[in-house]
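In the two complexes that follow, chain A is the common piece, with chain B as its partner first and chain C second.
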Partner chain A sequence: MSGEEVLSVDDLRVSFPARNGSGANFNAVDGVSLSLARGETLGIVGESGSGKTMLALSAMGLVPKPGRITSGSITLRNRRIDDLGERDLCDLRGREIGMVFQDPMTSLNPVRRVGALLVEAIRRHNKVGKDEARCRALDALRAVGIPSPEARLRAYPHELSGGLRQRVMIALALVNHPPVIIADEPTTALDTTIQAQILGLLRERLSDAALILITHDLGVAAELCDRIAVMYYGRIVEAGSAESILSRPRHPYTAGLLAAVPNFDFGRPTLVPIPGAPPDPSTPVNGCAFQERCQRRTPICATKPLLREHTGGLVACAHPAEEETIHA
Partner chain B sequence: MTTAFGLLPRLGILRRSNRPGIQLAVGGSLLLFIFILALLHRQLAAYDPLAGDILTRLKPLLTPGHLLGTDQLGRDILSRLLFGFPWSLGIALAATLIAMIVGTVAGLWAAWVPGWIRTFINRSADTIIAFPGLVIAICVIAVIGRGFWPLALTLGVLTWPFFARVVYAEALGLLQREYVLAAELFGVQGWRILIRHVLPGLRPTLMVMLAFHFADMLIAESALSFLGLGAPIQAPTWGNMLAESRQYLFLAPWMMLAPGGVIVLVVVTLNLLGDGIAKLSRDKARAVE
Partner chain C sequence: MSFDARAVVRRIGVLAVFLLSVVTLLFFLLQLTGDPAEVMVGDSGTPEQLEQVRKQYGFDRPLAEQYVRYLVNLAQFDFGVSFANDQPAFSLVMDRVGPTLLLTFLSIIATLAIAVPLGAWLGARPDAPERIAGGIAVYIAQGVPGFVAGLLMIQLFAVHLRWLPSIGHEGVATWILPTLTLASFLAPKLTRVVAANVTEAMREDYIRTARASGAGPSGLLWRHALPNALLGATALVGAQFAFLISGAVITEVIFAWPGLGWLLVKATTTLDFPVIQAAVFVIAVLVFAVNTLTDVLFRFIDPRLRTKGI
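Then we have the complex of A and B:
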């Protein structure tokens, strides 16, 4: 997809001191590069602990302590943000980049009314009075399809259903019209029918903003994303257009993920799990992080594979699937 | 006497009741009654609390014109009791508010800023709790003298660590909540996070502590006055009245009954309220989850 680049991350590393107190560091995000254009939707797919959320948080300058960005750069609308001070970062958050969380129950303050949260977010970035902010808050609730928004403004989060709460969360993220939105598993806590509604809403509302959709649900990614990046052990192992990744995975991990999606097409579920478990992110791995679980493993996998161009996408594997073998 | 003894077990039932409504209703109406007495003490008192008539000294309860009797200088005990409301409740309330404000600010600050500030605040709190309060009180009274504000300030400064510790522990937990992170992601920063996103979550705890601490401060105020370390000697605080009654315990036991009874009444009221609020907020939290 073409268009001006709004967010780019270049060779980002986020390190944490190891818990055993040895003084060693481990990388929760290990050399990740990505770029995002206006109006584009990028899916980041991976298991728990693969560094997806850490990547999103560092893009907003909120690496949880004691972690820190050790190398690389983040550029938001032609402005380096990884070396900005806390004050400037706070000005960016919510205005230039918004975030939707996984669980709207824990991410909406239970003792504050929905209206108070919205008004606070609006007045944080706009010099407007209380009444004007209230009007905008109403508009924001209407825009995400919340029925009787006047009443909802006075509601507490626990008085709303899960779907409504997530709509409030989206309204909060969108209220200042940031050009980049990060949605961290926005539908994981919701049931399937509500999921579809929320995904539809996200797609409809994001005609001109760029969206990073973090998910472990390949179905959700397939529905919404233009491009997909697959993360494993803090690294991007495969990236490319959504269509090519889902139909012709080159990395064995991506192929494994796809095979592990339950398939009810013929009345009986076929589900092939990936053997083994992902490596503990706090223990160092030499070479390819996936080699322990990989069927295509050879001695060359002991050296770390670099992300390289392969059949129209990017893949970090010494033995990517070839075009012929996929079709066979 | 039978009615008084019959009341005690009933109070027990009230305290153990699992329906906060009754506790709040009883405690609330008693508190309202107490505050009305405190506000209208001038209008309700029949005599000047400081002017005595030596001819009517040490009159017993229910003497015509002196419902609660008179003391050793012939002052009307009911009037003194009423004028004691603003003194005793005022000192206790001021001390409680000072302790709550200082303790809450300190606790929030300690939870927010790790490092030497947290260490400093927490160690200061430990030091004050470890220090015998009476010694500090004697020092303060010796330096600045007796009076309303010296006593309120001393009690407040001596007891803020109780608020600070609870607020620190709770705020530390609340700061880990995802909604605090979410607020940061919407650009909210610094003290606004503490005031708008952490403090509202502390409200039930603070209200319960307020009620119990108020009761504690009332007892502390009375105790210090009783020891001659509190309000000015002629001021009609309940502690002073108790102190004076001690010498006449056998001659005029009613002198002790009135201030003692009213201290018990206020403390029971505040405990009922505190219990009620605690149970109510617990029930509410359960309903939400």
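Then we have the complex of A and C:
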């Protein structure tokens, strides 16, 4: 890694009380460490329930109750933020770290105009008048490629198409130029052609800011990311450069995800689904969380594998694929 | 807001059907309660007097003829004269509309002034102990009948403290107790609806978005959650208007308020049918007008409905 570190997460655990009322906790995020440099794009890939969204929300100080950070630390631009109070977090959110959410229909207030949302966000963090804020809001809409921005300022979210709404969402996250942006499945709710536009926009707009892109879609991650971390059952199971993860997956789960991605390679026989389903995050697992679905499973997998260096990346597996193995 | 002529025509058609139903019901209600001529003449009347009254008011005609004449008169706002003092019933009633609307309007203002902040406070953090207690208090208040609240307030503010007059309709001071009494019908219910809507709105995705852009707790509540919560509250206030008018009947009697309700009660106890018919007719029109107004208002405050016609 190169450049100045803007965000680091160290051995983070986010716990929720178990739903069965036993008083036991389960970890939605279980010992995750990561680091993000200025201008870098990190992809966090995993299935639903892998803890990737909870990881993002904890970096925003937005872990929903009754969940809480039980151990580890989060450092944003050399300042620990995991133990900050709500007031300090409010000052940070939107200014030091911004977030783009998945569904732009439900994530934008239906009774507020686009301009009102932007102006409020601008004036929350800057001592400027209404006119100045409105100018900046216009600039923000222009910067995300929204046509006739003056008219859009007066629009309500329901009057915009899905793609425009997500552009508004991005404008809202970027309006105060935070050095770190988290995008949680920013294109999942959109048509494929719009997806490409939004991904292009994110890449273009983020020359300076660091981006964490959360997605279940390896194709989307491949499009945008310098590095990729694969999450499973609240843990990072593999991390490395996007190129090495996508071409030489070491963890059998990563290899399985890649084999399950549809593509236009007609030479490849069929999609290969990963057998079984991920364990429920609220049920305890001993050892490797992937062992039930893994073809390389041996008795040693009953011991929890640690994330360790392996052929240029990090992998948490007792039987990582060796250098020459090519995915199916 | 777009103007849709077809929607206006439809709305007027609904009004016509609604009014015809109301007046028809009123007409047959009069026939069902016995011989109106007997009521007018009273117990001491002779058969000759009875016969004369029947002729004079047309009660001796076939029912169909009476009904048609009744409709024709109504079309000219002629409900006949009051049995009590021979004044035109319609103008008697119209004199009372102003005070009733004043009372209803003031009580809606008072209701909103109480219910919106209180509901927002209760709903923002529904699990905080002091707000659970507040919610229980509102729940109990909802169970207290309005006239009990009115009598208690007279006892406290008029009799014991002597701050406010207990009856009458002259000057702002006389408005306060009737307004609060009528507000006590609706305020607890509206408080609970606002609180529930705020709690629900605070769980929405857009609240998380607002937090992610730095909004603090008060901004989240007042600028993001409450505008959504008030949509449901507006519908309730409109729907409760008819209920407020009936609440006004009791309130007007308690405070000797010269409104429609008090007139209606007096007319009913003396079986003064022209006045009853005129009063019910006017109340029906008022309720219809308010419901229409609520629909329009609803479209005004909910931008998602604004593109459709009234």
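Note that in this section the second predicted complex is superposed on the first by the 320 of 328 C-alpha atoms of A that agree within 3 Å, B and C clash if a C-alpha of one lies under 4 Å from a C-alpha of the other, contacts with A are read in each partner's own complex, and residues count from 1 in each chain.
Here is the rule we go by: a contact is a pair of C-beta atoms (placed from the backbone, for glycine too) under 8 Å apart; a residue touches a chain by one contact, two chains touch by 3 or more.
Here the structure is a predicted model, which is why all the values come from computation and not from measurement.
Chemist: Quick check on the superposition: with chain A as the shared anchor, is it clash or fit for chain B versus chain C?
Modeler: Once chain A is superposed (C-alpha atoms), there is a clash between chain B and chain C.
Chemist: Please indicate which partner A:P149 is in contact with in the superposed arrangement: first for chain B, second for chain C, both, or neither.
Modeler: neither
Chemist: Name the contact category of A:G240: first (chain B only), second (chain C only), both, or neither.
Modeler: After superposition on chain A, A:G240 lies in contact with neither partner.
Chemist: Looking at A:G67 after the superposition, I want to know if it touches chain B, chain C, both of them or none. Which is it: first, second, both, neither?
Modeler: Neither partner.
Chemist: Is A:G46 touching anything from chain B or chain C once the two structures are fitted on A? First, second, both or neither.
Modeler: Neither: A:G46 stays clear of chain B and chain C.
Chemist: Considering only the touch criterion stated at the top, classify A:P179 as touching first (chain B), second (chain C), both, or neither.
Modeler: Neither partner.
Chemist: Starting from the residues of chain A touching chain B, keep only those that also touch chain C in the other complex, and list them.
Modeler: Looking at chain A, the two contact sets intersect at 60, 62, 86-87, 90-95, 98-99, 101, 103, 106-112, 120-121, 124-125, 158, 169, 172-173.
Chemist: Which residues of chain C touch chain A once you look at their complex with the stated criterion?
Modeler: Result: residues 204-206, 208-217, 219, 223-224, 227-228, 231, 301-304 of chain C touch chain A.
Chemist: Would you mind writing out the residues of chain B in touch with chain A in their complex?
Modeler: On the chain B side, the touching residues are 177-179, 181-189, 196-197, 200-201, 203, 288.
Chemist: In the complex of these two chains, what residues of chain A are touching chain C?
Modeler: 60, 62, 86-87, 90-95, 98-99, 101, 103, 106-113, 117, 120-121, 124-125, 156, 158-159, 169, 172-173, 175-176
Chemist: What residues on chain A touch chain B, complex-wise?
Modeler: 60, 62, 86-87, 90-95, 98-99, 101, 103, 106-112, 120-121, 124-125, 158, 169, 172-173
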